[in-house]
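Encoded as structure tokens, the structure appears first; notes follow it.
Order of writing sets the labels: A, B, C and D. Residues in every chain begin at 1.
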């Protein structure tokens, strides 16, 4: 399996199409069936007590899963998230970036399935777990 | 069942504890086991093509479900989201606010379960469906 | 919206295609976007203490959601469950049948989404909540 | 972390408490934070065409996750499944046993979270993915 987009192409796509989150996400590692994405935690991601908000962790899981699908199907396909199940398991460490490690479990003609673990930098146990489904439109 | 917080108290709590989303959410209706919350869609919630982003819809479902739990257990309890399953079913209408209609399905000693439908103002069919679980810490 | 299969046709389909669960499920009510299905609880569905097992409740939710999809798309389509999220909220009453009330939230070309509440006969509060997605193959 | 129950103790517990599924499940591997369980596929687990039914795969995921929790907390605790999200990704091979590989992601005082992949013997790609939450009653 050859990737249709590498990390540079994916970053370019994010910058162009998701300008509102420009710079939030950095692809640290990319292989055909797995990806690692870092999120710099900014003030707008925080909740009282310094916890990263649920929507911010959801956004990280969603972008990460989207990128590994995109890497495989290319930039033209308009994949959309159809389902996400997410478990928040631990409080992220204050002031630490988050890292999302995702696996592409299925890449079908119509659906892709990805699962992911989110870690707080410097903590061994994951802070969240997510699984996501993307609908891939017919070409 | 008497509510421990009414809409005014809940708005005050949101303004104080969730200052980053101040003004985004308006409680339109509140009863012991159901709630309706409106979200004004701002530029930062959008994706290319004018669609509301997944994280923005997740945030609306999460805040709405949190508020109906809080209304029942009061402001001191530090309930945290432990799980969310969300289905994105249709594209929200451009330039329309979103409305989240949620039901409190269970309020136990340790766990609360809420389900929700999200509508785009002016569209009859829901754009998303979510179910959420909150852990309620021992008092 | 006219149904492509009524309750009699759906029962016939179940008897023929799902002979292993023959007689377990009875359609009590059917409309274009909702359905009510009863499950007679047998010994093989029980867990110690007389509780209905999780897999038995999953099966009820899955069959119920499948039937409302089938009622709308007809018997030839080979819809398959792609995702289910289920919350077990209360212990079913011993010796009571279960009733599943489901709504068809989306019927798209490729995906259908259904949500459901499961009740124990004679209890007002639902024992479980489920949402399910079905992939509908191209015709 | 020392296990409170080993594979022999877990098998004994299953035989006694879950007599209806006696012999269906075999623990192939057990470590403090992971477990592998095999399910012999019988006629009652099948759907037309030889596919293993959704409820049968759900049951395998549920038993597997339950066993790794039980191995850690011991036989007296009455853990109950509170949530399961499951994705059915591929058709299991006909006439093959299923293998469920699960990880214990969190073991808290009140909640445990497990995720799992289900494989059809002899197929490299997983047929299903599940995540499950168990409520652990206070001791």
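In the analysis below, a contact is a pair of C-beta atoms (placed from the backbone, for glycine too) under 8 Å apart; a residue touches a chain by one contact, two chains touch by 3 or more.
In this text, all values refer to a predicted model and were calculated from it rather than measured experimentally.
Set against the C-alpha centre of chain D, every other chain centre is closer than that of B.
A count of C-beta contacts for the chain pairs A-D and B-D puts A-D on top. Per-chain CA centroids place chain B at a distance of 33 Å from chain D. Chain C and chain D have centres, each the mean of its CA atoms, that are 23 Å apart. Chain A and chain D have centres, each the mean of its CA atoms, that are 28 Å apart.
Those residues of chain C in touch with two or more other chains are numbered 82-83, 85, 87, 89, 133.
Touching chain B in their complex are the following residues of chain C: 85, 87, 89-90, 105-106, 108, 113, 115, 117, 125-126, 129, 131, 133. Chain contact summary for the complex, chain B toward chain D: residues 82-83, 85, 110-111, 133, 135.
The residues of chain B lying in touch with chain A in their complex are 17-18, 20, 43-44, 46-48, 53-56, 58-59, 62, 80-89.
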